[in-house]
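Below you'll find a set of structures to go through.
Two complexes are shown next, each including chain A; its partner changes from chain B in the first to chain C in the second.
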Partner chain A sequence: MSWEELSIRTEGLTRVFRPKRREARGQRREIVALDRVNLAVERGELFGVLGPNGAGKTTLIKILATLLAPTSGRAWVAGVDVSENPWEVRRHINMVSGGESSGYGLLTVEENLWMFSQFYGMQSGEAKRRIKELLEVVGLADRARTKIYHLSTGMRQKMNFARGFLTDPEILFLDEPTLGLDVQTARTLRAYIRDWMDRHPDRTILLTTHYMYEADELCDRVAIIDRGKVLACDTPAALKRTLQREAIFRLRVAALADPKALFQGVTGVHRFTHAARDGCVELDVVLGDENAILAVLGGIQRAGGQLLSLEKREPTLEDVFVRLVGRGLGSGEGAGA
Partner chain B sequence: MAVQKRAQETLRSLRVAAWLGWQIESNWTDPFLFAIYSIAKPIAGTLILVFMYVVVARGGLGNPLFPYIFVGNAFYIYVGAVLMGVSWAVIDDREHYGMLKYMYTAPLNIYAYLLGRGVAKTAIATIAVAITLLFGVAVLGVRIPPGEVDWAMLVAAIALGLSAIAFLGILLAGVTLITARHNYYIGEGVAGALYLLCGAVFPLDVLPRGLAAVGRALPLTYWLEALRRALLGGGGSQAIGALSNGALLGILAGSTATLAVLSVLFYRWAERLAHRKGLLDMQTMY
Partner chain C sequence: MRRRTEWRIFWRTVVGRAYPRVIGLQRERSWVFFDVALPLLQVTAFVYIYRAIQAPPEFTGFVVLGGAMSAYWLNVLWSMASQLYWEKETGNLQLYIVAPTSRMAILLGMALGGIFATTVRALGVIAVGTLIFRVPMTVTSVPALLAVFVLTLVALYGLGMLMSSLFLLWGREAWHLANLLQEPVFLLSGFYFPVKALGFAVALVASFIPITLGLDAMRQLLFPQMMEGLKFLPVGYELAALSVLGIVFLALAHQALRFFEDLARREGRLTLRGQ
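== the complex of A and B ==
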């Protein structure tokens, strides 16, 4: 594959945040938000960046969208160096940030979107037709003439989502587009993203998320990122295949005092995570060999726990993440064994 | 090709930004309040000054200094309005609406965008200036006979002066971009600081020598002098009174061009700094 086929490429991309002088007195720690990241995203890919809060996802998107300079390393978007020629990059991209409520409050939904279509040089009639269509998709059709300071955060986020697709960008950055939205809306937006990619095979999307399900369902390839480092990058299926030799069980256990100490001295347990749910403990246990489940059950019995359910399940991207990082995507809880 | 594309982007940045600025300016539920705020307020400011001149300083309306002060103050309405209009956009977009980052990822010409955002305020200020002048002629007896006005000079002076103020606005926008809070009124603040220096109220001759020198370096000084000559047939400042009209406009054009270059260079530097420090999408929490 030649460089021209790449929509996005980064080479040793690094971003360090230095604490501001006032804060620095307490601690002088630098934050390495991105640590020598190398990525190559082909044209036509829906590429996911999966990682927990603070992993560096937004920092990556800001650099690629020309909002932030890298500390070192380089990045090319549509074949153009983002530091050398940001103006050219901006002709090829659009960006949507989830979880925020930006917009000109005193303009209507329609006006906000129309204004952006004009900044991108769209023909006005065509823009109005697409705005109507997109508002239909995100379920804001009946709010088209509402000034957006009357809208909830979620509605503004939907408008913002529509703004991203409105200009029909060659390369679209979606930073946690479904963050904080209700399940039904999130599902609708995901379906639209997939559908848009299917209808526009020459477009590229880079999407960040901390929902493993979103990355798994949506993306052609996924980079797993934590503390600024890319730990793995492949198709979801291939990532999960790395766990093929292991067996994963989900157990629900009641009356368990100390889940952390549960499997001390139990052989065959590679890793496990635990979370409190509905008054009991939910354990995800990864075993080198399926037969080790007997030893696990013995351990629970010795700890005085009461087994409520036991289920063998297929590996998920979350399991991949846990294997790579040693903790879960969500809370940061969990332990290796 | 590339030049043509750039020109198209510049034009539409200007046009759409002007539209947005107008939407924001005119977004008053009550048109009466809108008129009061944007037109009556600056006029009242000028009239207060006139009042102080007449009553406190015991100056007569027949004193030749009066038309000098009156014309200077009427046009000075532009300074605060244009400066605010242009430089306010950065704060407004970034802090208030959270939109600056989307402007900065769009194919905009940012200078055209900022200037466009100032167009609405400039248009409103034009009405205020015109009403103030009419009031001066009709009520206060300032003599501006249309037949004696040097219209060509007036138009040239207004065009150059507004350009100078607009580029000063770009410079302030750059300052705003790299400083976080407490900059909401930088436009009015700078307008106030320059008020005494550029001969709006007193001729430069009465200023201490150091300040007078600063005044002579400001395009605004030549702008006000040119406006007075165009409207009243003569200026009032000995310091620059010896200049011919051509020389005066030449200096105004030259200093405006210099200011434009310096402002754009400064803004570019500020932009690069903001890009490095991640300030383009910074939101100061209040």
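== the complex of A and C ==
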């Protein structure tokens, strides 16, 4: 694929935040939010950036959307350098961020969307037709004439989601678009994203998320990012294939005081994560050989734990993430081995 | 073709951004009390001071006009200059920046919407003030009065646009500037008395705030006899100065918006909330 056919390209993209002297209280510690990131996103791709909070996903989107300048390196969007010609880049993009509270409370949902459409020069009639259509899609049609200060957080997020698609952008940046939404709404929005891409094969979406199932379900390719570095980039299937020589088990154990101690002296355990769930401990254990599960079960018995369920499962993107960075995507999860 | 598209986006942006301010006037009726009744209380205080010292009745007119024009100054400070601070806090600013439109168009939309809403308020103050205090007014030239009014607003809102660019970079720090300017300008620009009373030098310095010249010129056109000995500069000079200020402030605002947007992008402050 030639450079001209790429929607997004970055070369050694780096962003360092230097705190103000008074904020740092004498310790001027720099934060490297992005560290020499190289990416190439093809036209028509739904490209995911998967990583935990603070991984650098939003920084990446802000640079690509011309909201932030890189400290070094370069980025091109629709073939245009974001640092040299941000004005030109903006003709090709739109952006939706999760948890946005944009818009004016006194205006209704449709008025807010109309106002934003005018910043893109849309004809009023066309804008109103698209607004009606999109509000149907996101399930806000009955709230079209509600002032937005009466909307719940989830409803506002749906409105913002509609705003992103309203202008039919060539390249759309979705920064955690389903953050904080209920399961059903998030599912509806994911289905719309996929459908929009199918109907517009020349459009490109760059989506950041820390929900691995979202990346897995939606994305053609995924870049796994942590602490500003891209650790792997491939299709979800190819990323998961890297784990197929290992066996992954999910165990639910009750009365287990110290999950980490369980694996001391147990051979064949490559990695594990644990999380407290519904009064018991849920363990995801990655083994070099599935026979090693017997040693794990023996360890549980010795530790006084009570095995509630045991399931062998297919690798997920989260397993890939754990293998790459040595910890889970969700907060509060431990990892070891 | 491209230029036509840019103009289309520019004017649609102006209309789009003016809309919330125009419609807000209908939807939040509390302005009748807060923006007409409360300013009239301050006007009333000055009117009674002038009456107590048996000043000519035209001084009541000076005060009513100053009270009405104070609405524009407050609008420029709090809904124009510092508006981008609020837009950053609510997340609108990043959507303005990402959109393929001119920042000047967004500010112009804010300004026109603000002028419309403020004019309704200012007319309310003038109408009620004139009725209650029976202000003796003689309009010597309607076209000149309109020209002074329009040029004052162009220069004043140009200054507001220039100040708003500071809020792209600084948040609360620029807020202090707006706070600092509010009351001193009421004094320096002669909102409640002819500015000549401050002396020529101070009035000259205060003329960088367009409302100083605007008020003086409007008073000359509405109360010609009383202002004969109290005028700061002839109306023609003030019109010329307002034209220059308008052009200079708008040109500076255009440059400053670009400069501060680039700087804020480099420093990562365009989307940093709670600064």
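To be clear about the criterion, the second predicted complex is superposed on the first by the 335 of 337 C-alpha atoms of A that agree within 3 Å, B and C clash if a C-alpha of one lies under 4 Å from a C-alpha of the other, contacts with A are read in each partner's own complex, and residues count from 1 in each chain.
Everything that follows uses one rule, which is that contacts are C-beta pairs under 8 Å (C-beta built on N, C-alpha and C of every residue); 3 or more make two chains touch, one makes a residue touch a chain.
Quick caveat: nothing in here was measured; it's all calculated off a predicted structure.
Under the clash rule set out above, the superposition-derived model of chain A with chain B and chain C contains a clash between the two partners. Using the contact criterion defined above for the overlaid structures, shared-chain residue A:Thr273 touches neither chain B nor chain C, since it reaches no partner. Within the superposed three-chain model, A:Leu67 lies in touch with chain B and with chain C [touch as defined at top]. Comparing which residues of chain A touch chain B with which touch chain C, the overlap comprises 17, 62, 65-69, 86-87, 90-91, 93-95, 97, 100-104, 106-107, 111, 115-116, 118-121, 163. Touching chain C in their complex are the following residues of chain A: 15, 17, 62, 65-69, 86-87, 90-91, 93-95, 97, 100-104, 106-107, 111, 114-122, 147, 163. Chain contact summary for the complex, chain B toward chain A: residues 8-9, 12-13, 15-16, 19-20, 23-24, 27, 97-99, 101-108, 272, 275-276, 278, 280-281.
Residues 17, 62, 65-69, 86-87, 90-91, 93-95, 97, 100-107, 111, 115-116, 118-121, 163 of chain A touch chain B in their complex. Every residue of chain C that touches chain A in the complex is listed here, in rising order: 5, 8-9, 12-13, 15-17, 19-20, 23-24, 27-28, 90-92, 94-101, 106, 262, 265-266, 268, 270-271.
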